[in-house]
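Structure first, then comments.
Chain naming follows the written order as A, B, C and D, and within any one chain the residues start at number 1.
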Amino acid sequence: MAFRFALLGAGRIGKVHARAITSDPRAKLVAVADAIADAAQAIAAQVGCAVRSIEEIETSTDVDAVIICTPTNTHADLIERFAKAGKAIFCEKPIDLDVTRVKACLKVVESVSGKLMVGFNRRFDPHFGAVRAAIDDGRIGEVEMVTITSRDPGPPPQEYIKVSGGIFRDMTIHDFDMARFLLGEEIDSVMASAAVLVDPAIGTAGDYDSASVILTTASGRQCVISNSRRASYGYDQRIEVHGSKGAVSAENQRPVSIEIANADGYTRPPLHDFFMTRYTSAYAAEISAFIDAVEKGTEPHPGGKDGLAALVLAEAALKSVREGRAVKVSEIAG
Amino acid sequence: MAFRFALLGAGRIGKVHARAITSDPRAKLVAVADAIADAAQAIAAQVGCAVRSIEEIETSTDVDAVIICTPTNTHADLIERFAKAGKAIFCEKPIDLDVTRVKACLKVVESVSGKLMVGFNRRFDPHFGAVRAAIDDGRIGEVEMVTITSRDPGPPPQEYIKVSGGIFRDMTIHDFDMARFLLGEEIDSVMASAAVLVDPAIGTAGDYDSASVILTTASGRQCVISNSRRASYGYDQRIEVHGSKGAVSAENQRPVSIEIANADGYTRPPLHDFFMTRYTSAYAAEISAFIDAVEKGTEPHPGGKDGLAALVLAEAALKSVREGRAVKVSEIAG
Amino acid sequence: MAFRFALLGAGRIGKVHARAITSDPRAKLVAVADAIADAAQAIAAQVGCAVRSIEEIETSTDVDAVIICTPTNTHADLIERFAKAGKAIFCEKPIDLDVTRVKACLKVVESVSGKLMVGFNRRFDPHFGAVRAAIDDGRIGEVEMVTITSRDPGPPPQEYIKVSGGIFRDMTIHDFDMARFLLGEEIDSVMASAAVLVDPAIGTAGDYDSASVILTTASGRQCVISNSRRASYGYDQRIEVHGSKGAVSAENQRPVSIEIANADGYTRPPLHDFFMTRYTSAYAAEISAFIDAVEKGTEPHPGGKDGLAALVLAEAALKSVREGRAVKVSEIAG
Amino acid sequence: MAFRFALLGAGRIGKVHARAITSDPRAKLVAVADAIADAAQAIAAQVGCAVRSIEEIETSTDVDAVIICTPTNTHADLIERFAKAGKAIFCEKPIDLDVTRVKACLKVVESVSGKLMVGFNRRFDPHFGAVRAAIDDGRIGEVEMVTITSRDPGPPPQEYIKVSGGIFRDMTIHDFDMARFLLGEEIDSVMASAAVLVDPAIGTAGDYDSASVILTTASGRQCVISNSRRASYGYDQRIEVHGSKGAVSAENQRPVSIEIANADGYTRPPLHDFFMTRYTSAYAAEISAFIDAVEKGTEPHPGGKDGLAALVLAEAALKSVREGRAVKVSEIAG
């Protein structure tokens, strides 16, 4: 019998998840909700599912799980509502922009033994997954240094910048999760530097567009993150891990990998446009992992505490930029 | 309204096409037929379609097109039957192992204005397609030399070798089609050398497992093909085209592209296992192109004459090996 | 007429420079001095030059320039002596481990209008030079983010660690110079994290073996440096620069670039062993640039103030690790 | 004591060898001869050696060996003269354009127990040498298929074309030697196709500029060669060897290996200009191997019979093009 989803939010990332659902033969998208009727209708028409209100979905008996892709400021409320409604929940990151609100939300989920998975899609990328597998298999010995390069092809619209919570909570948060996924030890302190180099309007909105971060664990393992909101050559997503016996890295991916040689040199095409094409298989694997966990009754990973941990690192990074010092995770996490 | 397929033959390549059909939202697999009931049943259960006999499919009014994946010796008969039945036809290569039989078959198709596409999937690979596009865009000037490296991960079973028509008709035939796709000019003569280096049993069956071919066009353009039935490092599929202004190449693909560095050096994983995973997107694009052509009423490409042309080259190559000389295509094609 | 060198110090780096001198047809090594007579004799025999004492070289009329490769604690004194003696001076980094001593030394050089070049060989590597040229040619627009990965194949002997001044002054100092070479703007502040992950004995000696640094310029440009004293896969030396219009990178170099493919994957050999082979052509180009500057009467680059600037960054990094905060360059440089 | 060379011929390849000699500390260039006095003088001035006539060199007691870089039609005569004069001989390929003349020459050398090495520089390239070492170490099992891609950056001057003996004797001859170096078995038959695609003037001169060759050994091992007289992207020199357990390849080399990424893609610089820079280290290693052999009294490799064998293959290839058939090596070699 099919695993039945309802999709809350029919925007860009909602479409990505709708497509991901169609790739798992166990999954079925039953309903979609969106404040913008046309957006919901578009997905419904394409997939062949119903348009319902959030209230209707809350009480739908033919829905096993919801995928929350609505604006960030609604995430925590929806998680609480649907946890109480007994639905399994897959929520896009972040749970909320405020650490205290996230903690309160997770308590509610826990109190009703809710199932919550948070959308850190990169863990499910086959290449990054293979990096982690190489570490787990002892191929590089003990992890010592992680380097994450993560650059968007271009900055988001100004309206989005304003509600995004800033580059650390919106963009670097994926890298913070990756660092936790790869370091093999919890992070102890955060140092960060950030600036406005891409677009002054981002600075006007109180945010940064270029950032560098050093994460350090208690034993001294280090992770360096380099972020930019703009890369002319495409969606730059690289990871490397240096260990006591060797190193493992995942290079960039491109949709077409030909090479043209002429008097100007040897040229390969640009990278993927953005996450929708770069992480197609990651989104599919992510949904499958969610279904696996719910069907087996195990805790979905990454879960609420992973969402919280990444948000804490984002807050620590912001504090580090503002105060020009290393910020202990314990200062934020309490 | 959906474009409705019936699948004839539920073996390895039949499964590949069944999966390809599910990737085009316009396409629907209505029925599957196979002499082995269990094989047909397995696909029917997975896709949710009917099991029917070939006779039933021939008269089915809910079938727009058939995909012929049965043994090679049935291809020509089935093409004729279904062309007469008014179904659009997608047939796996080769149409037949005998040039005369292929010609007769194509005459029947023509007489009833049938639509026939032949399964040269590699033309639809995004990387090889981009190679062709680079040529068409004038990026490398006039095509002069094509190099095709094509090696299977391992030899097929002995029973298959016996009915395959030999390495040139079974394996190199894809490379012959690629050469025609890329050279931009018809081939005039063929030189080939072949040997048994991989498995003596292949020689016992009267076939070769390692072959080198030079194709030359009337104006002197050359294509070199290197084939082996065994490559320990995976399914080796590379193309490069050298032209008057530059060159373009498509490198090998691998499912996971991490790199592990240690005292032994830098290691990337092996290539794809075989065509089922290497050409997943090519098979999907191939079916979409078939639907496009049939829906628009245009001639599907590659069509019957492409199937014939590749077979003629295979026969010329075999003759070249046996007689130790350059064989003119006109000697075979008549 | 030949440009005549005397070499002070016949150890590992002295040999590298002796070889570099032989590669410029203008240069001639006239004399070598070393406290260990055998070491001096070995180079003298190989090159066919004289063994002299430092005092003798100071008064030699057949010596145009000296190359100082003696232990670090003698550098500043020797620079002063030979500047006063009217010899052009090429000195291995660092000038001294103490910022105040360096400043005093540079004043002496200036007072006698001495010519001083400091041995930051990497600026002369053809690949890194091409990175800088690409920036200068506007190929990547404005520089925004620099990433430097620099890992030694293995830690130096304990005795060396003790007198080296620590990882930042001994090893990262090259990366600090590279950052200045590539950022196009002076560095304003330094954040660093460091730990002992490779060898506890290094910690016992009061040093670190693994370090991450963020350098930030006044306008917000950022450079991230990742250092380790041990890399099982060879001498890891990579640079990438991300700018407003694109990025440029220089990959690792290996002595032999074959690739072996088998069932385990595709393997290329390890990197160069260490700087002696990795930077052979850089050392040669460095000496040529020194001769060029002296013969033309221009200021050699990188000069004393570059040596000072890199040392200041090293000191700032160390202070940042110890105090857990961003350290302004002005705090150190005065 | 130094190993003393005289250089016969001060043209392009003569300069290459003059430079190679300076890279071996055992070697000394004593004299240079050339019909064009200025050419000889230029090298003499640069290296600091004497200009002598060929006759003078023949009787010079301070010359241990000659390097023959004169026009091809003088090679055989000079080899005979200097073999009789008791000098060790390094001769640029080919020994002569005529197989009979080569055989006669080798007999003379043998009759006086002369030492003769033939200039197949590519055997000494570190990358190609590592390919051979990987084979010898059993890394790829039994050799089955060799692929050689060899393209010059541009065609030679018309005057050179006329005296070169044609593309097979002048250019492919290096690839024939490489094939013999790598196949591990003598070649039994040759098939070739050739055309004029680059420059009609080459055709007017009776030569070809684009060629494809299949070499087959008695046991069926195959080597495919692809040649062009023009490659817009530089000097294209690649080798790959496919064996029973794996494959090994040597990729192209470039003087600078940076990569620039922007909206047009990822671009690396063109390859080396030509052999003078591509094979710098190969020429140096070649001279060292020659000195090694002469000093140890062993037979230099590759020697006269290797020069003959490659020439025989060239003649067989030409015959194959003209007669449209596989030509047995025994037809030419007698």
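Of note:
Definition applied: a residue touches a chain if its C-beta (ideal position, glycine included) is under 8 Å from a C-beta of that chain, and two chains touch if they have at least 3 such contacts.
Which protein is which chain? UniProt says A, B, C, D = Inositol 2-dehydrogenase.
Predicted, not measured: the structure shown is a model, and the values here were computed from it.
Path length between chain B and chain C in the touching-chain graph (shortest route): 1.
Farthest from chain A, judged by the mean position of CA atoms in each chain, is D.
Judged by contacting C-beta pairs, the busier of the interfaces A-C and C-D is A-C. Centre-to-centre separation of chain C and chain D, using mean CA positions: 40 Å. The centroid of the Cα atoms in chain A and the matching centroid in chain D are 57 Å apart. Residues of chain A in contact with at least two other chains: 232-233, 245-247, 261-263, 269. Contacts from chain B toward chain C in the complex involve residues 232-233, 261-270. If you check the complex, the residues on chain D that touch chain C are 25, 46, 126-127, 130-131, 134, 139-140, 245-251, 253, 255-263, 269.
Chain B contributes residues 142, 144-145, 147, 149, 151, 189, 191-198, 210-214, 216, 219-224, 226, 228, 230-233, 242, 244-247, 324-326 to its touches with chain D in the complex.
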